[in-house]
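Heads up, the thing below is written out as structure tokens.
Each chain carries a letter (A, B, C and D) given by its place in the written order, and its residues are counted from 1.
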Amino acid sequence: MKAQGLRQYITRAVLALAIVMLGWHGSAQAQTDVQTKKTLSPPQDVRAFDTPSDGGSSLTVIWSPAPYDSAATRYQILLSEGTTVPDLAAMKVVAEFPANQHYVRESKWPWWTRPATGEQHQYTLRNGKGGELKDGTVYSITVAAVLNDDRGIATPVQATPQPNWMNWNQVNNLLLALLFGGIVFYSISTARKREIFLRRIPGLDAVDEAIGRATELGKPILYLTGAHDMSDPSTIAAAVILGRVAKRTAAYETDLLVPHRDPITMAVCQEITKQAYLEAGKPDLYKEDSNFFITSDQFSYTAAVDGIMLRKKPAANFFMGAYFAEALLLTETGASTGAIQIAGTDSDHQLPFFVTTCDYTLIGEELYAASAYLSREPVQVGTLRGQDIGKALILGILGVGTILATLGVMLDVQWPQLFLDVFKDVK
Amino acid sequence: MSFAERMLKIDRRIIFLVIGLCTLFPLLYPVGLPIKISPEVRGVYDYIESLPEGSVFLLSLDFDPASKPELYPQSISLLRHAFRKNLRVIAMTLWVSGTGMADQVITQVAREMGKESGKDYVFLGWSPGGSAVIINMGQDLYGAFPADYNGKPTKGLPVLQGITNLRDVNYAVSLGAGNPGVEAWYVFGKDKYKFELGGGCTGVMAPGLYPLLRSGQINGLIGGLRGAAEYETLIGQKGRAIAGMDAQSATHLAIIVLVIMCNLFYFSLRKQAKQQGHSGA
Amino acid sequence: MPVETIIGAWVATGLTLFIFSFLYKDNPLFKLAENLYVGVSVGYTIVKTYDTVIVHLIWKPIVENGEWALLIPVAIGTLMLTRYVPKAAWLSRYAFAFIVGVGSGLAIPRVISSYILKQIEDTVRPLMVMVPGEGLTFTMNLLNPASSLNTIIILIGVSSVLFYFFFSVEHTGPGKAVARTGILFLMIAFGAAFGYTVMARMSLLIGRLTDLIEFTDPSYGRPSLWLLGLTILTLVVMGRRRPQGEPPEPH
Amino acid sequence: MIFLRRQVPLLITLITGLVFAAQYYVPHPASEQMLTSVTKWLQIIGGFALVLGVSSLFHVHAMKIRRKEAGWGYSFVLYVSMLGTIAVGLWSNGKEAIDGTMTAFGWIYNFMMVPLQGTMFAILAFFIASAAYRSFRARSREAAVLLIAAVIVMMGRVPLGEYLIPLSGDLSQWILNVLNASVRRAILIGVSLGTVALSIKIIFGMERSYLGGGKE
């Protein structure tokens, strides 16, 4: 099954390449005067087949363009059940449209699944519209050209609709997924073997500075890990950065307050904090209740944290992780107490508020980068590197693609489509 | 402390008061400034306008009471438009806490336009699972919603005649206040089942949806109260949104004035500091 | 007017004002309203979930249509609840493994399709357009998002912001200039979002005030005015009693 | 035991992940059928997940009341309002309105939940104004750019702004449609790469934090 599909695919690719090289100029045929013709010649080269790459109950018809293709002439698609057609006139008209419509080039097929060249006509019959198509039943199908009272009907052809096991239109999506997966695995394994360079995130300097100032003032530090639970990458990053902050507060002997919205995150953060105090050589300073649970409800939590800010007046507030509408309520209250505020979030809808109300903000992926930078864990660093390669690839595609698309318009040629189709979202 | 410094450290409750008054007065004494129609909103309007009678229009009210002021007027206008065009309306919500409100808005508009539940429209209610509901509806509408909000079995309802899944929907609009919302309807719905999709959203979400609008993933976008006001203008029925636009104008202007003031104070302070720095040196 | 609507108007007005009193400062009235809010909304969600999940998705299909396969998700769901039994808590991992597995699987191709391919497709556009009658043209119209000039601007924006989020490359030399452009683009987008959000939040306020104005109507018994007076009075009295203005509250 | 506790969950993730990623490329009705059933299952499992969240809330406030911690009165309010809503809701069959008539549950929804939630968010209107006043200062080039963009969009989105400066409408349209869209697109692409990378890592068991902590 698969091998056959692959062969089909390669054949199509070669075919498409050949067509493209010919330049697809075939459509510019001479127009004959439609009105002078008495009888319409039937449409030529009618082919019908099961619509490829779909869930069944659908047939596609293909036929050649004719000299009378214009808005005045109309095409009809005729259908009947069974292999033989006793009476052409008794076939059911399932579709009708002007003869200058429904070309293969207008369909969304990428070049590797196109069943015919661009200037051919095509029509896809589907279940529900104009009749029912049953999988596994043979149908006779044909095309008629109609102009006023003239009607030219082609010889019917047979086809059987059936469901398919692979959507070849989406093969570019699959290849991209595999390629990117490969890149991520490769960079993770590289990160395991050797150090990968990561640029320094400026926000991390600000972290140290803020803790230093809190120590000078003798005030505590407030650290929030966001609204999501431990399954969210932003929370994981927030927990990693908490480790770094806790190490500093231990060294400076500053108080640390970490109010939580999720009990599991709290448990994880307690472990991290304890470890940090141990590493800083001050295990006796570690307090179990520096991490504490408030409530999982958005606004109750916000009101409670605002209360802490107003009463304990922390010298530095850290907002890491995912946030929603509460972001502004938190940072505005924090700013009113005069604290240094540092944020890091991937919640892009809240970024404007963090950027305007905080002294420093880790924007989007900078949060992950900061945590990878601090943890030096190969999986994290490798993923970051893999994403960088992915972005570089996309940048390349954007550049090359734009040049090719422009060339395509300037030289009026079709071959750039060979490249562009690969990065199209086709169904 | 100089005047500028004092002004910069002004008690924020004074600002709160200014904003409160700027909202209140235009609401009490409206002016009625004209509203320009943007192409985004027109996209949704024109598409509904182009639909023939009896087309299937799906409206997903994916918001909760917190976004009521913005999205409620949008849903009223859209429903009025759809009913006026005699479309078959399927309404639903992906947000549990929005169920009551969604039911209220559709019943109210239907009553006003003389439409009958089950015949001209159906309110499916809420089903858990977020985007999974969309996938499920794409396969089998009756599986995702065996009964409508009032408990009537959905199979056999006249309004749903000939509809088996999302493929049979002509136009869907999601009025979303977050996730699941417009994006989920695109990724799990339109992308696969190929109905046309429009979006309505709160002002917070709107800027983030522009890439989808540009690439044609949604064919129109009604953004916030302004979008609702534009739609009310388009269908020629004034409602809460148009009434709110004056207050909106006043508060925006107030904030802009505040921003300008704060920058003036800030620069005068900086100038002072510079001069002092010079004289000190 | 029905009695329940009048009572409703009083309750709604009171709760609205209690929450707005937070703008003055944190106070018991606000805390009362806030806890009421949490209680009511959790209660509401429980009722809705019971009605939809237990009644319509589990009970009715199984009992009325005999869809016994639905017992599988019920079993998986029950596994999740083993979290509360420390000895069997590991069983809940099966449930999470299933949910996360399905979610990740569903996400990969769909994200690639909608957010990567589709976005690339729309960014990659020819820089010149063929205008019938004029030939190749470079369109400058800023208001048409598809004009050549805008295509270039979008290309610059997308590329520079993508580059800004490169972490394994140092931002030096020409890279620094690109990254700076990226930041400027980011700041414009944040500014635009801020401006738009102002509108969103103001709309909420307008919505609440419209309701309050409606409730000044004599047919409701003018709850807005009476309760406003009462709220202010309470705040003043409480302010007198506790001059510090900060009620003790533990975290 | 370790196998049952550690390997089996990872195996479940691997298999379900691969199967449902592959499903996308298979148009056959059988594959669509599988997707339908499993998404329906997810809907049901989602209901159980709520039990988890609610019970933790129940527990926290029950503790507060039992220990008579300061402010336990508020926890009591929360408890009563929650139980009251549940009782009323079940009595009204979980419907806010039956054939257009409001039920008691609908009353709670309309006159308590709607104003409470709406007002909670409306408070943000005041905070956003004070945030703008306090922090919109042209301290640097970046800050100036942000400030100007915000002011233009604020002008362009209201009738009065368009009336005073007619250009602002078109300008804000351009900012949103072109500049903003390009940035959002770049962020979208970046985040999507991250999502795909994370999903791949989860499926292949390199990321296991969702199983809850690293220890047994």
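Everything that follows uses one rule, which is that a contact is a pair of C-beta atoms (placed from the backbone, for glycine too) under 8 Å apart; a residue touches a chain by one contact, two chains touch by 3 or more.
Nothing here was measured: the structure is a model prediction, and the numbers come from that model.
Here the two chains linked by the largest count of contacting C-beta pairs are C-D.
Per-chain Cα centroids separate subunit A from subunit D by 20 Å. Rounded to a whole number, the gap between the C-alpha centres of subunit B and subunit D is 16 angstrom.
Separating the centre of subunit C from that of subunit D, both taken as means of CA atoms, is a distance of 5 Å. Contact with two or more other chains is made by residues 21, 24-25, 32, 40, 42-44, 46-47, 50, 57, 95, 109-110, 113-115, 117-118, 120-121, 123-126, 128-130, 132, 134, 136, 146-147, 150-151, 154, 157-158, 173, 176-177, 180-181, 184-185, 187-191, 193, 196, 198, 200, 210, 212 of subunit D.
Annotation for subunit C: residues touching 2 or more other chains are 22-23, 31, 34-35, 37-38, 41-42, 44-45, 48-49, 52-53, 57, 96, 100, 108-114, 116, 118-123, 145, 155, 158-159, 162, 165, 186-187, 189-194, 196-199, 201-202, 204-205, 207-208, 249. Subunit B has residues 12, 16, 19-20, 23, 66-69, 97, 99, 127-128, 191, 204, 206-208, 211, 214, 224, 226, 248, 251-252, 255 in contact with two or more other chains. Taken pairwise by the contact criterion, the protein chains are fully connected, each one touching every other. Residue ranges on subunit B touching subunit A, taken from their complex, read 12, 66, 167-168, 191-192, 194, 204-205, 208.
Considering their complex, residues 4, 7-9, 11-13, 15-16, 19-20, 22-23, 31-55, 57-58, 69-70, 72-74, 76-78, 80-81, 83-84, 90, 92-112, 115-116, 119-120, 122-123, 142-143, 145, 150, 153-162, 165, 183-199, 201-202, 204-205, 207-208, 211, 248-250 of subunit C touch subunit D.
By the touch criterion given at the top, residues 128, 325, 332, 336, 348-349, 427 of subunit A touch subunit B in their complex. Interface of subunit A with subunit C (complex): residues 170, 172-174, 176-177, 180, 196-199, 201, 231, 257, 259, 292, 294-295, 297, 299-300, 303-304, 306-308, 310-311, 349, 351-353, 355-356, 363-366, 369, 372-373, 384-385, 388, 391-392, 394-395, 397-399, 401-402, 405-406, 408-410, 412, 420, 423-425. Of all residues in subunit B, only 13, 16, 19-20, 23-24, 27-28, 66-70, 72, 96-97, 99, 125-128, 146-147, 186-188, 191, 202-204, 206-208, 211, 214-217, 223-226, 240, 243-244, 247-248, 251-252, 255 touch subunit C in the complex they form.
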